[in-house]
Amino acid sequence: MLQVENLTVYYQTLKGQVRALENASFTLANGEIMGLAGETGCGKTTLGHSLIRLAPPMVHIGGRVLLNGQELPLADMQKMDAYRFTDISIIPQYAMNALNPIRKIGQMTEELLRARKADVKAVTAELKDRLEMVKLPQEVLNMYPIELSGGMKQRMVMVLSTLLNPELLIADEITSALDVASQRAVAEMLVEFRNQHCCNSVIFITHDISILYQIADSILIMYAGQLAEKASTETIIRSPRHPYTRLLISALPEIGVRYSDKRLTGIPGKTPLLLNPPQGCRFRERCPLAFEKCAEVPPFIEIEPGHFAACWKETGSHA
Amino acid sequence: MKALKQKNEFLYFALRNRKLQIGLGVILFFVLLAAFGPLLTDYGPFDYVNPTGPVPPSSKYWLGTTFFGQDVFTQVVMGLRATFMIAVLGGGIATLTGMLLGFLAGYRGGMLDEIINALTNIVLVIPTMAVLLIIAAYLQVRSLWMESILIGLTSWPWAARAIRAQTFSLRTRDFVDMARMSGESSFKIIFSEIAPNMMSYLVMTFILQFGGAVLNAATLDFIGLGPTNAISLGLIMQYAMMWGALQFGMWWWFVPPGLAVTLIVGALYSMNVGLDEVFNPKLREM
Amino acid sequence: MRKYFGRKLLIYLLTFFLAVTIDWLIPRFMPGDPVANMLARVSVNSTAASVMQEYYTHLFGLDLPLWQQYLNFWTNLLHGDLGISAYLFPKPVTQVLMNAIPYDVALLLPAILLSWLAGNNFGAVAARSKWLDNTVSPIGYILTATPYMWLGILLAWFFGIILDIFPIAGAYSFSLSPTLSWKFIGDVLLHWFLPFFSLFMVQFGGWAIGMRNMIIYELEADYSHYLEALGAPRSLIRRYAFNNAVLPQLSGLALQLGVIVAGALVTEVVFSYPGIGYLLLAAIQNQDYFLIQGCFLFIIIGVLLANFVIDIVYVLVDPRTRRGMTGEAA
């Protein structure tokens, strides 16, 4: 469904180019919910946003993205309009502020649909069903954003973004600002959307792996702008192969395990600055398994069916 | 260490910002002119130096002479001094008053905030010029000091509002909570924790007050309520109008003083925009 | 919404009260005897002078205890009695002011409305293209930095003296008398244009700059980015940005009223246009205290009324205030 090939996106700053995303390659199948996880600044948001709104200061350096076989004109803000909302959509991190404060929600929706030349009547009928699905009252359409709570606004944005049944939905940290109970509700709502075909595949960006365990089919781990590992959720959680993923998973607290029995381990060191990143594998400095070959960038290749990793140690025998 | 790095970063951008450079350059020019101008001329502003009355600019009289044969250049230079003095004093008083009330209202909140807010709104609604007029009208003798104080005491609401809003947002920050928990007095917290973090904002506020004072002073002087025995840019324009400079086409009499005010205030606005760009990285152009 | 208006009205009433008190206070606490100062300008023989001194002192109420003077002031005010003008004796101040008001309204209303509307639209357009922005912005800053009277003088000089298109003094030619004829109306318009244009230009610069900044700010807001991500056309995004940006511009207008009134004052002085500003100047020069007080009060009342009108308009334009949430920032 989605094919990303060597996508490279940098940020243009006064001090030079920040190499935020380097040679990302992966595929997404129909109906797949892929979690995109990593530390802050690993490039997951860059990846997510470059798929739908590659605007300055982002610069498209190389690579391409194919949606159902068609290449997307990522760098062309104008041409991408044809795909936005209808084929690719996003639930932004700032969902609470994403609605025009001085327009009634229903009115704004109608104006947007009209401007996108959608069948307003048909979609409006669909809209009412969707509102029921997320348990929002119909009156919401007659209200101003300021009259809704944060959670209601977020649900409204979820409905709005999936209104035209996009092929690909990017959910950017939609649970990050919520309490645990709301996180669960929102995550489950997302799965429901996918199940009801309100959207096809989902890229769920988050730094919280435990949520992904609940709802994701597969997980893609990123580190410092490079892809580290991608596999099914089970594999990533139970038997990760990339050293970074392994350290990440072991750093997670487990229910029932007490601190006195097994200490929480963090990963020593800091993420590199991406203005002038180190050569080769960027995890090298903190990796307990690093050796001389790591000075070369390891390719992100399939080490087992459906399991990808970028590590010389792992791919050494398959290289 | 981080603070030093940040300061250096600001300095780096400040020195390269076009708008700041232009604005600062123009202001510097006028300051130098006001400071050293009198050395360039042998006359006093009110001396009747030209027996033939008004003449256009020449190599002898750089900006020509007035209806009475007074040297316009000398008048402008001396007028610049008065204008700058009023602007610094008036702007300074307004900024300080605004700081005092703004900090108190923003930091303490509650009843004090309500009262100061109401006071600010009231003073804000009353047209400054009307109050200045009515006070100055009844003063038989007016000095530069008086004018500065009056301007300062009527322009502070703008500063107070802006500073209050900023203080409000800074108040909830962690370092303020720390200071409060360690038992520091409100006064000390305001001046050693909050104010330094708002330095850029305070500077910009002062610049705007400075510009506003220049305009207010020029307007007051033009109406005839300026200082009674000094010369200022507004007064030059008033004399020019009173003695028919328009009708007789003595453009060299009314153009320079107004031009000076426009350039000074314009330069200040330019500096303000430039400083905003320096302090808010988002606004910097790539 | 009731709370919103209630609060505003309270402030306006307090302001009015304070302004009237200031108006009453100033002449009584300034050094010197206002009546003597007033009469010093009128050269009359000593017996007439002392009679007039007594008359005016009585008229001013200066022979009464302070608290009674204050109460009388308020009672007279509420009856519409602002005293007798010394400069234009024996016309009552109220009448003099009422004659001048139409000229101010004729200048200020179109100047404020047109410059606000035109400036905002211009600023919005400037925010669109970079090169437009680079040409319009500096001009806008220079215009808004220009003192009102200097622009008036320049316009009078250029269009009035050099090009001789417009007259530069008065509301209508001295040779004509007010009639409802085309010739007269044309003449009035000719006299009206330069002062109006002068007021218009300075404000226009300010609004254009302000709007340009607001639009740029709104275009970077979250809702704008979200609409972009959903592929909304630029026209829709710009329309939303404009609607949002207009609101602070409207509040800004209320705050600028004092400055605009001051500008009108000096512009009238430059063009000898017989509005309240011109009257105030004449009153000051002639030490006519009743007239000065009257002008001050009229200015205050005018500004308060205009503020109130803007408040009403704001409620109509910002839907959030109607729902009980004020959209205004602190």
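General remarks:
Note that the chains take the letters A, B and C in the order they are written out, and that residue 1 is the start of every chain.
Just so we're on the same page, a contact is a pair of C-beta atoms (placed from the backbone, for glycine too) under 8 Å apart; a residue touches a chain by one contact, two chains touch by 3 or more.
It should be emphasised that the depicted structure is a prediction, and the values quoted were computed from it without experimental measurement.
Geometrically, the chain at the heart of the complex, using CA-atom means, is B. Ranked by C-beta contact pairs, the top interface belongs to chains B-C. Per-chain Cα centroids separate subunit A from subunit B by 52 Å. For the pair subunit A and subunit C, the distance between C-alpha centroids works out to 56 Å.
Averaged Cα coordinates give subunit B a centre that lies 22 Å from the centre of subunit C.
Residue positions of subunit C with contacts to 2 or more other chains are absent. In subunit B, no position touches at least two other chains. Residue ranges of subunit A in contact with subunit C, taken from their complex: 52-53, 55, 77, 80-86, 89-90, 92, 94, 97-104, 111-112, 115-116, 144, 146-147, 157, 160-161. Interface of subunit C with subunit A (complex): residues 221-223, 225-233, 235-236, 240, 243-244, 247, 318-320, 323, 325, 327.
The part of subunit C that touches subunit B in the complex is made up of residues 11-12, 14-15, 18-19, 22-23, 26-27, 30-32, 34, 37, 141-142, 144-150, 153-154, 156-157, 160-162, 168, 220, 255, 257-259, 261-262, 265-266, 269-270, 280-281, 284-285, 292-293, 296, 299-300, 303-304, 307, 329-330. In the complex of the two chains, the subunit B residues touching subunit C come out as 118, 121-122, 124-131, 133-135, 137-140, 161, 164-165, 168, 211, 215, 218-219, 222-225, 234, 237, 240-241, 246-247, 249, 251, 254-255, 257-259, 261-263, 265-266, 268-270, 273, 282.
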